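In the two assemblies presented below, chain A is common to both, partnered first by chain B and then by chain C.
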Partner chain A sequence: MLNFIIRRLLALPLIMLAVTFLIVLVMQLIPPEQRAVAFTTNLQQLGRVQEIIKTNHLGGSVFEQYWLWLGQALGGNLGFSRTSGQPVLATLLARFPATLELSLFTLVPLVWVGVWLGAQAAVHRNRAPDAVIRVIAVLGYSIPSFVLGIWLLVIFYGALDWLPGTGNISNDSAILLMTGSVRRVTGLVTIDALLGGRLDVFWDGLKHLILPAFTLLVVGIPALIKGTRASMIEALHSDYIRTVRAKGIAEKVVIRKHARRNALLPVATLISLSVSGLLQGAVLAETLYGYPGVGAWAAQAAAAGDLPGVLGFALLAATIVAVVNLLTDLAYTVIDPRVRYA
Partner chain B sequence: MSVVTSRPFQPIKKPASRSVLARTFRRNLPARIGAALICLYLLVALLAPVLAPPQGNCRRALNLAETQRIPGPTAYLRELVAPPIECLQMPRQGFAAQPKPPAGGTPLGSVNGYDIRYGLVWGARTAFFLGITVVAITVTVGGLIGLAAGFSGGWLDNVLMRLTDVTFAFPGLILVLVLVAALGPGLQNIIIALSLVSWAGPARVLRSEVLRLRELDFVAAARGLGSEPVRIALRHVLPNALGPVFSIVVLEMGSLPIVAGALSFLGLGTPLGFADWGQLIALAQKWIQGPPGEPFAYWYVTLFPGLCIALYSLGWNLLGDALGEQLDPRNR
Partner chain C sequence: MNRSLIALTIALAASPALATPADTLVYQISSATASVEPAQAVVTYDVLPVMQMYEGLYLNNFGKYEPLLATRFTQSRDGKVTTFTLRKNVKFHDGSAMSCADAEYSMRRTLLVGNETSLAAQIRANLLNLSGFTPEVKKTYTFAKLSSLVKCNAAGQLVLTLERNVPSLLDSITQTYIVPMKALVAGGDWSGTARDFEAFIGKDVSNSSLAQKPDGTGAYQFVARDPSRFVLKGFEGYWGKAPALKNVILQKVDSDTARVLALQKGDADIAVIPDRDTLAKLKGVSGVKVYEDLPTHDLTSVVLYNQSVKDDKLLPAGQLAENNMPLNFFGDVHVRRAFAALFDTKTYLRDALKGYGLARHTTLPTNNWAEVKTLNPPAYDLKTAEAELKQAFGGKVWTTGFTVPISIFAGSGVSEVAAGIFKQNIEALNPKFHATISSLELSAANASLLGGKLAFNPLTWGGADPDTNLRGLYSSGGILAPATNINDPKMETMLNQARDAVGQAARKPLYKELLTYLNQQTYAFPLPQPSIFAATVSSLKGYENFNRTNLFKVLSK
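After this line comes the complex of A and B, so read on.
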């Protein structure tokens, strides 16, 4: 097993090399003059485009460029973003906590509700609850997040004015955070507020999270429902369940202790897929709700043709996905005793 | 005395030999609703010039006479086969950004001066065009890659599958974002970007199907009869492997307009004024809040385009869900 873990850990840098090479490959689609912009920090430098192309070998082969890019990236230089007016790495670091907060506030209810609904559908297969849950799943697949988001905004922000429409914090709380009345420890607004004992700031942050988190939840939940349902149905059909039932054990216990535990194993993979889905959803949800995370910035960067920004975000997303996949594989060795990697 | 009740003679039931499609629709309400929705949208796309009569430049491109409201048969056919780009541009009723509620000329209202009905009706064509093009490309490319990988095995399989792994390492929308940012917006570039991202799904499914099929007896028989490997792959293995790809294709038809709409929403989609559902939703974004005292004043701006894209996707999803359930061997 140690062998497997070491091999899997060594594979991570290889995956990242392949992914980053793909990124540099995609960059070849645009002419060197345009790519040179990534090396400038102000408009005056644009006059020296040919010089920049030469010194950075932008006209060279893909491999040459990749080698140079890799050297820069390992040194922490991902280029300069026009849309944020800052280096890409600094922007990512500044904006990531907000995205992390939104993702955490979505992921926990997403997994909880999704698994519960999926299991219920499987237990009541082909009966009314199953039909209702499947309709929920199909509706979730069909409503685009930006449409759902706009409708939610029209109702809860525009008409009822119960929830805020933009940002991750109101001005009053932002001042408290900026002046240091509430100390920034983790960078996550709600957690910092709790640590500082400011319940009003916590509630403020939470109110800003409700709509974007709910939007991401609705869009992400069908995959979990479908996956859990399929895996639960398979578990309920297995021989050991028949054995347990033959022993006369109550159906509730059969489902809770025997079927669901085994059915939840593939759900670990679904959760790692959900993380990938949340990153995609974040681009839309953050844009729609004016939430100051990496996704909203990536969307701005893409619309403005700010390639270093978009690529920096893509690199971050690919890294997160690779790491989460690694963690999932490692988790399997712990949660599933049958999995023994040679 | 016992009474022997003789049962009437019952013919032996014929084994079910219905096709997958027939079995899917039998006693399956969601599948029927899905198919009905898709047919409705298809009808709307085909009858676009009738439901939203051409105006301005589109009329000139179709050479319509002064009195003609809708194109005649020949003009219609020409427009259907090769629609002039002018017709896919939403005509402007005016230049005021303020949305106007449904009225005689604009039964679904207007936003930024664009007639919402025109955008939705002709946008159905954009949705079908985009979906069919991307699906055709991805199934052909992904299918060939999956077939080659599964059938040949060895290093080719390894290389091709690692390539799909790298494609899967990126969340799809983010890769599309990168590609569109690099290529620039526009319908053609969206199609290229979506195709570059979505070929990996069909490739993987087809490969696993091919791996299963190539070990079966009928392939061994074909080989024994001296068939060439290419012939075995294309004539014997491929047709049998297409089933599972079919349900992916249906689901993809439903999700493509959502992704394309998301790009339009982010300002990376079709050029301004193009008849495209996502574009109308992007325009609606500014009219979430009504004027004071009338919270739902601009309801038509957000409701109609949103409902239109959601129902289209719902149709394909209902159908794809039912097909997937039918093709799943665990349900036999």
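After this line comes the complex of A and C, so read on.
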């Protein structure tokens, strides 16, 4: 097992190298002049394009450019992001807690509700609850997330005034955090507010999480419902379940103790995919709700041709996905003791 | 889709506005403030906070230069030496008093640091004619040279000694912000000496100590920032009148819908409105004030012709065909005049600018002091266009025909309307005349423009001084030269004469002569200048003045 973990951790740098190299390679498809123009902000700067190409080595080969970035990155310098106006590492550190908080507040209900609904749909297959749950899944698949986000904003912020419209915290609470009146420990607003004993700030942060988390939930839940349903149906029709039922064990126990556990293996894979999906969804949800996470920044960086910013985000995303995959593989051994890694 | 949702938003958001505190301004912007290093900042939402925290010796108040950290200036007869008398009792936000040494250091630093896209680079180009720090330039650009350009005299005045008269000097002065030397040196910035001079030549200082901890003399001082907010408070030691609004929060909100909602609900005092359709829907909404027709500042919209397009797909110079055009198509003055006469300005004003645009006289910005209101640009007239095209290329254009490529910027409604007007009128004039429209992403379009690949296109150009504007647009040494390929020695001489004359009174008649000549040559023609639109809460006062100065200190509630 330890060997397996070490091997997987050793593969992580290779994944990072491959991901970042691919990004530089794809950027290289755009002519240097066009990439240089992306550095400019007005027509007066167009006369500087050749200088920009030279200073930023945009005219060099993909290997030259990658080597330059890699040399910096290995020294702990991920470069400077034009879009954030700060070093990439500082930007990631400032913004990642917001994305993590949003992801955590989304993932827990996503897994809980998604798995429960999927299991219920399987247990009540072809009956009313199944039909309702499948409609929910189809709706989740069908509604474009940006449309849903705007609807939620208009209804719950605009019309009803129940929830805040933008950001991860109100201006008043933000100033308390920015000026140190509420100490930043984890960077997660809700946790820091609780640690600082500020229930008002905690409640404020929580209210700001509801709309973006709900949007991500609606986007992410159909896959989990359908996956769990299919996996559960397969488990419920397996021979061992038939045997258990023949022994006269109560149906609730059959489902909880025998069917659900066996159905969880593919569901664990789906959950790990949901984490990657949350990162992608964060780009949209953060942009829509002005949530100051890495997703919104990555979208800006990509649009502005901010290569260090894009590469920084890619490193973070690759690390998260690789770590989550590793944890998922380890979770398999817990769910199914027959799974062993050498 | 988005527009209809915004309409729904406005209809649904019926709850009464709960205003932000009376002493606080919440300004919701569409993109975040990045670097607030005054030598670097050129992007709108970087410049905006910089202008509140820092001050130059003079202020550009809508084309009029007003004393700020200087009280007056004198100039030598040849315009090369300018002496600024500095204001007394000015303090930096760190509590230290401003001295001439600070002004000297700030000016020298601006002429030293900053990468190729920085504000400092633009100032160097303007004052020193430096297009960049090439190895050759670096050899001669020494600390001794810089010191001789900028120094304090015995009377504590700042003296600027340039190699030539720079007519747009004050424009650069307004953008050279005065910073505290001691604080910067202590923070690891340039020492102000020859010791580390070379290390700071053209250095990107976006992440300087000043960017991390801003320290200027402005009416507002930095409080804190997070990824979506930039917070300022009124500076108690400010030399001028204390601002009415004590706190300012610049808040980045990406979603147009969220910003519009925030304005209606009183969560924002000013919100960036995406378009005029949204603005029209906000008109009459309780608690919201809309501004439909505010003037632009130092900007000019023009259609610029390329006299020698660099595109292999085009015909060699002088050759004509119905399905193509020659590289030098717009090198013929009759073609240029014809295309100007083909442009239906009224339709453009109605469809692209929704009726809000200023009529133009020349290609100078409407607020420019050298504007000549007795001149008139070519008018929309199909008969004139026909007559000119019958003379073009010795009369061959009319009989042979042409196909002109028009490039538009993806997502730019204004350029789509302009292209549509050209295409419709070109093709209506003669069945042998054609136009093809293709769409380019903005950075690709700008790269094509710079590469001289675009035949003609509308663009917006800026600059406070007529020389900055006209040289950039027309001169063979100007920034847009690769996109225009104009080669007109007579015009260059006129440009130089107007630049080298000292004082507005002496320059004005020279510009009248030059602008008259440019109207005849029609290297470009002006488009109606779009008006600015905005929306604020109705309790906010002074927005018209803010539009002219960009200073929060003129706002109140």
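Note that the second predicted complex is superposed on the first by the 298 of 342 C-alpha atoms of A that agree within 3 Å, B and C clash if a C-alpha of one lies under 4 Å from a C-alpha of the other, contacts with A are read in each partner's own complex, and residues count from 1 in each chain.
Operating definition for what follows: a residue touches a chain if its C-beta (ideal position, glycine included) is under 8 Å from a C-beta of that chain, and two chains touch if they have at least 3 such contacts.
Please read these numbers as outputs of a predicted model, since none were measured by experiment.
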>> For A:Leu153, using the defined touch cut-off, is the partner it touches chain B, chain C, both, or neither? Pick first, second, both or neither.
In response: both
>> With both complexes superposed on chain A, which partner does A:Arg8 reach: first (chain B), second (chain C), both or neither?
In response: neither
> Which partner does A:Arg245 reach: the first (chain B), the second (chain C), both, or neither?
Replying inline: neither
>> With both complexes overlaid on chain A, does A:His57 touch chain B (first), chain C (second), both or neither?
In response: neither
> Touching A:Val321, do we find chain B (first), chain C (second), both, or neither?
Replying inline: first
> Looking at the overlay, does A:Arg125 come into contact with chain B only (first), chain C only (second), both, or neither?
Replying inline: neither
> Touching A:Thr287 in the superposition: chain B (first), chain C (second), both, neither?
Replying inline: both
> Of the two partner chains, chain B (first) and chain C (second), which one does A:Ala94 touch, if any: first, second, both, or neither?
Replying inline: second
> Between chain B (first) and chain C (second), which does A:Gly167 come into contact with in this model arrangement: first, second, both, or neither?
Replying inline: second
> Can you pull the chain A residues that chain B and chain C both touch?
Replying inline: 147, 150-151, 153-154, 157-159, 165, 287-288, 305
>> So in the complex, the part of chain A that touches chain C is made up of which residues?
In response: 31, 33-49, 51-52, 55, 80, 82-87, 91, 94-95, 98, 147, 150-151, 153-155, 157-159, 161, 165-167, 171, 174-175, 177-179, 287-290, 292, 296-297, 300, 305
>> Give the list of chain B residues in touch with chain A in this complex.
In response: 30, 162, 165-166, 169-175, 177-184, 254-255, 258, 261-262, 265-268, 281, 284-285, 288-290, 295-296, 299, 302-303, 305-306, 309-311, 313-314, 317-318, 321, 330
> Where on chain A does chain B make contact in their complex?
Replying inline: 15, 18-19, 22-23, 26-27, 29-30, 134, 138-139, 141-147, 150-151, 153-154, 157-160, 165, 233-234, 237, 276-277, 279-280, 283-284, 287-288, 298-299, 301-303, 305-307, 310-311, 313-314, 317-318, 321-322
> Where on chain C is chain A touching in the complex?
Replying inline: 1-2, 5, 8-9, 12-15, 26, 31-36, 42-43, 46, 115-117, 121-122, 131-132, 204, 206-207, 211, 223-229, 231, 249, 251-255, 257-258, 261-262, 264-265, 267, 443-444, 446-447, 449-451, 459-463, 472, 479-480
